Each structure stands twice: as structure tokens, then as C-alpha cells.
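The first chain written gets the first letter, and so on, giving A, B, C and D; residue counts start at 1 in each chain.
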Amino acid sequence: MTEPIPAELARRIKLVILDVDGVLTDGAVHLGQTQSGEVVELKRFDITDGLGVKLLMKAGIHVAIVSGRESAATALRARELGITDCYQDASARKLPLVETLMQRKGATWSEVAYLADDLADLPVLERVGLPAAVANAVAEVRACAVWTTNRQGGHGAVREFAEGLLRARGEWDRLVKEYRDARGS
Amino acid sequence: MTEPIPAELARRIKLVILDVDGVLTDGAVHLGQTQSGEVVELKRFDITDGLGVKLLMKAGIHVAIVSGRESAATALRARELGITDCYQDASARKLPLVETLMQRKGATWSEVAYLADDLADLPVLERVGLPAAVANAVAEVRACAVWTTNRQGGHGAVREFAEGLLRARGEWDRLVKEYRDARGS
Amino acid sequence: MTEPIPAELARRIKLVILDVDGVLTDGAVHLGQTQSGEVVELKRFDITDGLGVKLLMKAGIHVAIVSGRESAATALRARELGITDCYQDASARKLPLVETLMQRKGATWSEVAYLADDLADLPVLERVGLPAAVANAVAEVRACAVWTTNRQGGHGAVREFAEGLLRARGEWDRLVKEYRDARGS
Amino acid sequence: MTEPIPAELARRIKLVILDVDGVLTDGAVHLGQTQSGEVVELKRFDITDGLGVKLLMKAGIHVAIVSGRESAATALRARELGITDCYQDASARKLPLVETLMQRKGATWSEVAYLADDLADLPVLERVGLPAAVANAVAEVRACAVWTTNRQGGHGAVREFAEGLLRARGEWDRLVKEYRDARGS
């Protein structure tokens, strides 16, 4: 990331929404079956993203997941990350999900950041105060974003976004110090 | 891809046939067993390919899968994509499968596009109106194709091909707008 | 591959021995457990390698697998490839396995090719007529090999080696033509 | 790595501690569920790392694993590597784990090497005699390390570190010769 996230946008953010496929994952699904006919579906999540989510929460920012596909893997990862707002809609209609979430959290559009990769994200991305794209986002999404990660989804893009947002708010160094001190005594 | 797909070829297409291993997947199979002896086989599919298939269908193009290997993973992914014509032959004899499919769909060779990667695809590839190769295709397949994706199989090659085909037909922008509008209201 | 395999070495080969981890796979093992405690172990095999093995067999060359680790995944992949000589030894003592195999097949050292990646392969590699290394082999193995693939293990290295060997013997074009003709009628 | 590990640091090492996610693995977790609701979690380990660990042990160095996340995959891999000291703490408080381990092994800080990738490793990394980082480590960790691998975690970083350490101690060539001789007779 050459350019930092604009500080005035970053400081307003109360709610960070993460897409799943291509953002929290590398956009792949590992699909198959056992001999006896049990379907198995695995997704690749990045461990370093976890600390990014944790530090966003420490900064008092609410973190939510909105996916355009239904998958048990997503629910499992959300639970591990401590993300209670995890919405999945098989027809990729994300706008109503986000509007409901915003109402419940009392957040306005300018207070929302969204990290996205594909066409289904555009209706939400166009409305939020801080639209962001992962390195692997399609051209239409990158064109709509004010900030793009250097890292690919599932390979640390969420961690990079969290760090970028918290740095723009001037909170990164303090949060890292606190995290480190809590583990160094 | 620098060169677009020739418009006159693209406009004729009624049937798009996708190979599986190396095209819808990255050409790998994740194979193993559980402790109690259950065989497990997983394949890596790319989520963004899904929207490519969906938009081809929206354009009235029939999409089919023809694989030279039998795998439950392929059938599962076909079902998720809404592809009902999914043929698998363990001896990689694809030509008779494709001819049966064409008869049922009333399509002639010039109305068929085929996206392929390996030697087993050549007999079909040589006959179709729009032979296409993925970036990871072997030299013989690339030599036979009129168009080659920049993306690897299992990493968005099908999405790229779908976009290239629909752009060549002058339908991409309209289809994206419709998809987006349906999710933005 | 800039340099072809020397024709006089290639023409003598009756037996091709493939290492598994790092050669037929990318050197990774995907390991874990289900909730109820079932251990699962998966390995990544490359589908295009399969046709390489098939064409070696069509040329009358015997293909065997010798692994320095025990894994159900290896046995499963061997079965799928039609390789009946699949030996695994947990302590990575490959030399006695190879000597037994050679006796049974009536092959001398100059008639054996071995594709390898790591230190455990050296005692065999130093003795065979055609020692070959994958792109990801350690320095000691590459130093011992007369030929090195451009492709990584688990990403088509076996296919590339099979093609290189059959080309050096002047058999590749005929075998591809036969394979293709059998699927094009 | 251009620069070798300083010999005077390397010769003092009695205890090598390996982080798991991003060091013994590529930092990913493959997560999902079977149809009947069984959670599955897989991690990617690198086979060549195994020989690195084995040769460290042959050199009389104690090897331990300390992870900031709980996973059955880690315990399974530790068992396969013959590593009996495998500690996992879900809150990533590694310092007390390492201090307990050092006491049991009678090791002082200058006798410990630690290979790490992320912020949770800093409290330990700052104290050990030989702090090392994998290529994919975050900036804070790389800044704290005296040596950084060229290879990524889960792609041979542990093997590279083991070789680097044993070379710096002047023990690599002898250990490789012994390993090779034991397999070549």
C-alpha cells in the first residue's frame, strides 16, 4: 500500500464488514465426498487475519461478515474469530443484510467500511464511507474502492486492511503495544 | 488477454463446454483416507467462476461439463452451479459424450465453445467453432485454440472466458448491470 | 528444459521409479482431525501427471513408486495410476526396496530412471542410469541429477519428465497420436 | 539467505522452538464440515521440514513446538516428527510456556533459538539468543530477528533454518553424510 487510508474516512468507521470468498478466503472451495457418500467442503482461511480482526475489536470497531454463499466453513471461522454478526445469503443479495445490520448497530453509511472482491459486492460498496478492495478483486470493484490491499484474500488481506485502518486512525502502535505487553509479562 | 475473442465466432455460440481438471480446478486432486479407512477426495474450485457460468446462462447459452475422470467432487460442483449436463468418462473418451450432448441440444460444431487444457481434449477441440485454452494448457492444446485465458484453471479461468465471450458478443455490460441492479434495490 | 535427456541414456530405460513427496506431490501433507477424533491426511496430486505415467507404460516402460514415508494417500494414487509396484518405508531406506524391485523386473542399474527431490533419494540416485530431479529438489539432489524438470513436484513434474524421456527415445509423437486417435473416432 | 547465522550464536543453542501457524504451516487453516455436521480442520505441513527436525535432533539439539492456537493438526504433526514438547495456548501467551520448557530442559535464554512469524511471538523472540524469522513474518518480527529464511512457512522454512543452524555449527556435512550412509548400505 503506497497511499494510506484517508484519516478522516478511517476515524468515522464504527462497523467493518468483511466479504468471505476471495476476502477471508482465497476464493476457492475444496469440495468432495468420502467413500461412504459424506459431502465435505473446506475453505482456506488465513491465521494472521485473526489478529487483525481482534485488534479492530479492541479499537471498539464492530466487525461483521456478509457472504453471498452459504457455507458451514464460514460460520465456523466466524465463531473462532468471535464475530457474532455473520450473515449468509445464497442469492448474494447483500444490501438488505447490511441495512439490517446497520440499523441494529445504529451505524450510518459513512460509518461503515466494506472489504470486497466481486460484482455482488457493488451495491453495498457504492454506499459505504470506506469502500476497500482486495488485490484479487475484479476491475469493477477496484474502480469503486478508495483503497486496495497488496495482499490477496485468504493470504492476509484482512490483516493488512485492519492494520491500514488502525494506522490511519493513529491507533495501531498503541494496540500492538498493549497486545504485546499482555503477552510479555 | 490482449486480443478479444472474434465477435463473429462468439455470436454463434449456443453451447459452452467446460473441462474439469485443470479448467474448473487447478489440476490437483487432494486425496487421502481417514483413520478408519474412509477414502476422501477433494478438488479446488474457484468461487468467481460461478458468476461467470451464471451470466453465460443469463445470456441464453447452455453450459455443460465434460470430464475425462470420474469424481464425486465434479458432480457436486456442477449441481451448485446449476449445470445439469455433467458427463464424466473414466477413459477420457469425450468425443461421443459431446456428440450426444450436441444432438440433444440441437447444436452444430460451429455453435460450440470448448475450454480445455490437455491432450484428451484435442479431438473435441479440433471440431468446435470456438476452441479455447486455459493459461496452464499443454502446448498441443494452446496450438489448437483461437483464444487462451490469462488465468489458470481453478483460479478464475472460467470466469475470464465467460467475460471474454460475453464481451465479444456485446452482452457483458448489460448482464452485469442487470445482475447488479437486482442486488441493489 | 533447455537440454534434452541424452538419447543413449533414455533408450536404455526399462524401469522408471518415482518418489512421492515433492515429486508426485507438492511436498505438503494436509493433516487434521474431525470433531469426533478421526485423523485425516490428504496429499495433493497432479492430474496431468497421470497421462505421463500412462504413456510411459504404453511405451513398455515399467513404472514404480518408492516412498520414504507411509501414507494411505500414496497407495490410493498408485492404484488410480495403475501402478502395482508401490513401496513405502517409514525410515526412508529406499535402496533395498529398489534392489528387490530391480531383481523382480530383471533390470540393471543402467536401465533404471529415478525422479527425486531430497537427501533420502541420494543412495538410489547415485546408482541409476538416469538420475533426474524435480525443480524443487534440494541442492545435493540437483547436483547428482543429469536432468532437472522445470515444473515443481505435484505441479506436473512427472508429466514433464515422462514427456522428456519419451521425446529423447523418439516415441512421444507416435504415442500422443495413438492416444489422440483412440479418442477421436 | 546471503549471510550465514553467526557461528558463536549457533554453537550455544541447546533448544530450538518452532512456532506453528506460518512457520511449520503456510499460515492457513482449511476449515469445514461434513454433511452430517462433523467439523474438519486441516493444516498444510511441509515434508522436507521433517528431515530438518530430525537432523537437529541428531545434533543433540532439543526441538519443541509452541503454538498460540489449539489444533489437533499440530499435535498430530508433532507426534510424527517425534517432538514430545508440543505446547498450545489458545490465548497466544507463549512466554510462560517457553519459561516452563526452559526450566525443564535446563536451558538459559542464550541457548534458545526461536523461529517465528507474528506479533504474538515478540515477547519470546526478544529474549532468545537466536531470534529467527520466516520469509512471511510481519515487519515487527523481521526487525527483531537476527536471521530470516528465504522460504515461506509450510514451504520448507524449518528445513532451511535447520540447515542454516547446523551449517553455522559446522555440523551439516557430517550429519548429511551419516544420514546418507545409513541409507546407502
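What we mean here is this: a residue touches a chain if its C-beta (ideal position, glycine included) is under 8 Å from a C-beta of that chain, and two chains touch if they have at least 3 such contacts.
Since this is a predicted model, take the numbers as computed values, not measurements.
Q: Between subunit A and subunit D, two copies of one chain sequence, what rotation angle (nearest 5 degrees) aligns their Cα atoms?
A: Going from subunit A to subunit D via C-alpha fit gives 90 degrees.
Q: Regarding the subunit B and subunit C pair, does the interface count as same (over half of residue numbers shared) or different (under half shared)?
A: The interface is built from different residue numbers on each side, given that under half of them are used by both copies.
Q: Distance-wise, how many Å sit between the C-alpha centres of subunit A and subunit D, to the nearest whole number?
A: Subunit A and subunit D have C-alpha centres separated by 30 Å.
Q: Which whole number of Å gives the spacing of the CA centres of subunit A and subunit C?
A: 42
Q: Taking each chain's centre as the mean of its CA atoms, how far is subunit B from subunit C in angstrom?
A: About 30 Å separates the centre of subunit B from that of subunit C.
Q: For subunit D, jot down the residues that touch at least 2 other chains.
A: 30, 34, 38-40, 42
Q: Flag every residue of subunit A that touches subunit D in the complex, lowest number first.
A: 30, 34, 38-48, 51, 71-73, 76-77, 154, 156, 176, 179-180, 182-185
Q: Given the complex with subunit B, which residues does subunit A contribute to the contact?
A: 21-22, 27-36, 38-40, 42, 69, 92-95, 117-120, 122-123, 126, 138, 140
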